[in-house]
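Only one structure is covered here, and it is reproduced in the block below.
All chains are identified by letter, namely A, B, C, D, E and F, in their written order; residue positions are counted from 1 within each chain.
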Amino acid sequence: MDSPPVLSAHDLACARGDRSLFVGMHFALAAGELLMVQGGNGQGKTSLLRLLTGLSSPAAGEVQWRGRAIGQTRETFHRDMAYLGHANGIKEDLTPVENLRFQAGLSGHAFDEPLAESTLRKLGLARCLDLPARVLSFGQRRRVALAGLLTAGALLWILDEPLTGLDVHGVALVESILRDHLNRGGLVVMTTHQALTLDGVAVRTLQVGRQEDA
Amino acid sequence: MLGFLLTVIRRDLLLAARRRGDWLTAQFFFVMVVSLFPLGIGPEPELLKRIAPGVVWVAATLASLLSLPRLFADDHRDGSLEQMLLSPEPAVLLALGKAVAHWLIYGIPLLIVAPVLGIQFALPAEAIGVLVLSLALGTPILSLLGAVGAALTLGLRGGGVLLTLLILPLYVPALIFGAGAVDAMLAGTGAEANLSLLGAFFVLSLIVAPWISAAALRVSME
Amino acid sequence: MSINWYKYSAPATFYGLAGRLVPWFGGAAASLTVIGLYLSFFVAPTDFQQGEAYRVIFIHVPAAWMSMFIYLVMAAWAAVGLAFNTRLSFMMARALAPTGAMFTFVALWTGAFWGKPMWGAWWVWDARLTSELILLFLYVGIMALWAAIDDPRRGDKAGALLALIGAINVPIIYFSVKWWNTLHQGSSIKPSGTSMDEVMLAGMVVMAIAAWFYTIAVVFVRVRRIILERERHTEWVKHVLEGA
Amino acid sequence: MMEWGSWSAFWAMGGYGLYVWGSFAMTALAIAVEVVQLRQAGRQTLQQLKRLNKWESE
Amino acid sequence: MDSPPVLSAHDLACARGDRSLFVGMHFALAAGELLMVQGGNGQGKTSLLRLLTGLSSPAAGEVQWRGRAIGQTRETFHRDMAYLGHANGIKEDLTPVENLRFQAGLSGHAFDEPLAESTLRKLGLARCLDLPARVLSFGQRRRVALAGLLTAGALLWILDEPLTGLDVHGVALVESILRDHLNRGGLVVMTTHQALTLDGVAVRTLQVGRQEDA
Amino acid sequence: MLGFLLTVIRRDLLLAARRRGDWLTAQFFFVMVVSLFPLGIGPEPELLKRIAPGVVWVAATLASLLSLPRLFADDHRDGSLEQMLLSPEPAVLLALGKAVAHWLIYGIPLLIVAPVLGIQFALPAEAIGVLVLSLALGTPILSLLGAVGAALTLGLRGGGVLLTLLILPLYVPALIFGAGAVDAMLAGTGAEANLSLLGAFFVLSLIVAPWISAAALRVSME
């Protein structure tokens, strides 16, 4: 039962400065699958994920979404995709709820305030709803960003080390969230240096850069 | 489309409201620059009247320069600019919305205090009218072109000063037409010619600048 | 080894071509300068109004022409680069800017040195002078932007965008001559003919052509260096480096 | 010296020597600076590139 | 063989905004010991560590260094202590080596360039010595900050989630570094949400905040 | 002590130098800001000469306002300010070093181009001398007082109001004495009185400002 690939990369190459990070990268990802991008620090994982989002453009090759280059189908692609990078993308002066409200507005959905609040509560931020993000702890800010991901309702999630700063409960929560998303037919491309237990879902791995290099 | 534009604008307005100090700085600077000239030059009314349009316009330009470096920088740093560029809506709307928000925050207050400054310099009422009109047409140009500069210098060191170097030459026509309109009014030759040039320049910037800012934003994110 | 590496990429081809052309343009520029200087100092007569001071014209005007023309050429290359994403166009734009700025500076300096005896002031806020000053700012701004961005691809595009939007400004500034009553003299070479002494005109034209050839030679040298820097991972550059 | 009776007349430029020669000298200087700077930069680039390539191929 | 405490906290309390994070906190740490501060996101670990450094001051109680309040012996204390927070404290425009040079200058040691370079190499940054920190990857920047810690030569290390963004090699490296430091008689106060294997060294734990809270 | 101070200064200078030509940028910035006024006001030399001192001084203020917000903000954001405050050396040296570095980067270029600006405005030679002197005494004041404002507003929401209300009025005396000295020279009344007031103000700021900045930095880090 091979489902057709939804997201695929063809002969992708990436260079930063005058260093070539990878060349000839291929992969294909179908609905319900998770792609775990692996590699040590500085091997080019973040660079790869940014290529996949379309924020930067590859030195060679192309990324396709449902068989079309993402450059050509940008609008659809960005409607279907949500990205969480090393930076949280939340405004320090706004409360978590306000942050989610504007994120929804900017990606063009209706904002569902009760849903947003319940998501934040589910992520353990019940006591922080009225605080500006500036005073939140490191892990709490990461949680706000994760809440934004959940409320975005995207099909494809591109997550760059989503577990950064999360405590053990947080990690377990993210695992269950990922499992739900995949079971509902979502796609995930992610990186992490931490161990993750994801049984019962289809996980592919992709190695970036040389393995022995730090 | 429109919803996206409005969200961008509302978001910036809310953020500005949370940090009131920022825009007060620009206003205060504007008033201060303008008020300092009588102190430095002396109280001759005729002289002051002569330099008033130029001084007000230069002060408006400088006040907009003060605020521009942060137009995209904060969003860039905390990653929300990335998120906005990943929106399904076109980046040109983002650039436009940012420029509009900038104008609402920094341009409108200038329009409001300008008549007071005009009175300080003993400008006749109709000249004050032209002054406000010229600022109303001209300050959006400053915001639109300024957004281009802000996008180009995003993430570079020495942001504010470099930005100034890049966009002051672009501001020059607005300055000349704007101050020229009031001068012409004072000289009795009628301000229409200058104002319509200013208007044309405004329309041109409105059409061209957001595209260039959007392209520059994409380039800066690479 | 007789493999012709140059065939394999456009910058490579251009690198060789430019290298062969540089001496010719350089030589032509030098000989034309000698002829032009001879015309300027030994053939052209004393001006009956300005005395000998007018001889500044033989560099002032060519420099002023070059300063504007180079900007437009640079903006054109930038536009081509943005439209077709051709690396060589960006490199040409980068190579042109310093020379353009140099001519702008020379036009300003010689203008100031002419203005002092003629108008009694080094500097006046006349439209023509101001617009030339702003042109210098544009050049410096673009070069500062290029210098500030480490990543060449990003720098190319950012600088090109600025050059383009600045080009919109050039004619606007230039025609501001009309909006101010101006001290500086207007164009004397008009489509309808010229109002100038023929020898003077000849001197100016010869000097202007010399300036053009000089610009081409210098820009080629500079663009060759930029090509080497950018393409240093390619086989042909390694080949060139081994040869050098 | 057909026009200028003497060298000193030539340098004096009818009293405008400072201005005429000031202009020509600055132009010559500007061009010289550009040419010298271009040469130096070219030489530096060559050396640097050679060094980098050698360093990388190691 | 109870060695005398070098760092101790007496009846420490901390409040942020109108929320009290902890009260009546006590601990004492002797040479060669590691204090592992535990607690979920937002429980006040970072707040505690900042109290210990003297950057912020407690609502009640005091922190002592060799028996004297750190406010009274600030200079000595800061000479003996090195802090690594959530932020790396490195300048993006400088190369790793330059960063270390200025860190040394600012904390008043002589700068030993060969040592700095070898430390950076040891941390896997051999290929990044000439790059400005801005272009480094997330984990590489963390490694530069760690190198700064190592070259500071301090006795007491206060580390706030030092493992953030590090890959598995990086984590192993930090473990061995910690072990060395403790065996040489150093002290460490740290937090982390990741598992750390530190056998053969004296580890104390300190719980901040309520345990069940996320 | 001295080593620490020098390290702080060298560090900021290196950071500024990283962007090649930062210094040159600062100089062009001044020429450009100053050139705006004639564009707005018109080309009459007599008029321009009258306003020249005020114009140059306003440009100096603007440059300091444009660059000051980032004086501590960058270090604050990336955590290096924390690290510097954890140094065994006293924080007042840090504050002083930062202000000195700021002056070296933005004050010195202004001093260097000031004569050119004076020539553009057709000031007589001795007035240009006084202008440079007044800037040499006055720009350090802007850096020192500006550092206080930058430290106070660091990370504070709405603290910008405080900055504006606090710092700009403090700048006013420097502006008045500075521009006044040149005006007095032009009017033939001698610049000593103004210059010595400016000098006194400078000494006062040098003694007081670093302590206040240091205290403000500590408060902002809490």
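Please note the rule applied: a residue touches a chain if its C-beta (ideal position, glycine included) is under 8 Å from a C-beta of that chain, and two chains touch if they have at least 3 such contacts.
Fair warning: this is a prediction, and the values are worked out from it, not measured in the lab.
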item: Starting at subunit E, fewest touch steps before arriving at subunit F; value: 1
item: Topological distance between subunit C and subunit D, in contact steps; value: 1
item: Cα superposition angle of subunit B on its copy subunit F, in degrees to the nearest 5; value: 180
item: Same-residue or different-residue interface between subunit A and subunit E, half as cut-off; value: same
item: Contact-richer chain pair (by C-beta pairs counted) among A-C and B-C; value: B-C
item: Approximate Å spacing (C-alpha centroids) for the pair subunit D, subunit F; value: 37
item: Euclidean distance of C-alpha centroids - subunit B vs subunit D, Å; value: 42
item: Subunit D and subunit E: spacing of chain centres that average the CA atoms, whole Å; value: 57
item: Numbers and ranges of subunit F residues touching at least 2 other chains; value: 15, 18-19, 25, 28, 32, 39, 42, 77, 157
item: Touching two or more other chains - residues of subunit A; value: 17, 86, 93, 132
item: Subunit C: positions in contact with at least two other chains; value: 137, 140-141, 144, 148, 150-151, 232
item: Subunit B contact footprint on subunit C (complex, rising order); value: 82, 134, 137-138, 140-142, 144-145, 148-149, 151, 153-154, 157-158, 161-162, 164-166, 168-169, 172-173, 176, 179
item: Parts of subunit E lying in touch with subunit A, wherever the complex brings them together; value: 16-17, 19, 39-43, 45-46, 86, 123-124, 127-128, 131, 135-140, 142-143, 161, 164-171, 193-194, 213-214
item: Complex contacts: residues of subunit F adjacent to subunit E; value: 3-4, 7-8, 10-11, 14-15, 18-19, 77-80, 82-89, 221-222
item: Subunit D residues within the subunit C interface of the complex; value: 2-3, 10, 13-16, 18-20, 22-24, 26-27, 30-31, 34-35, 38, 41-42, 45-46, 49-50, 52-53
item: Subunit D partner contacts - residues on subunit C that touch it in the complex; value: 41-42, 45-46, 51-53, 55-56, 59-60, 63, 98-99, 102, 105-106, 109-110, 113-114, 116-117, 214, 218, 221-222, 224-225, 228-229, 232, 237-238, 241, 244
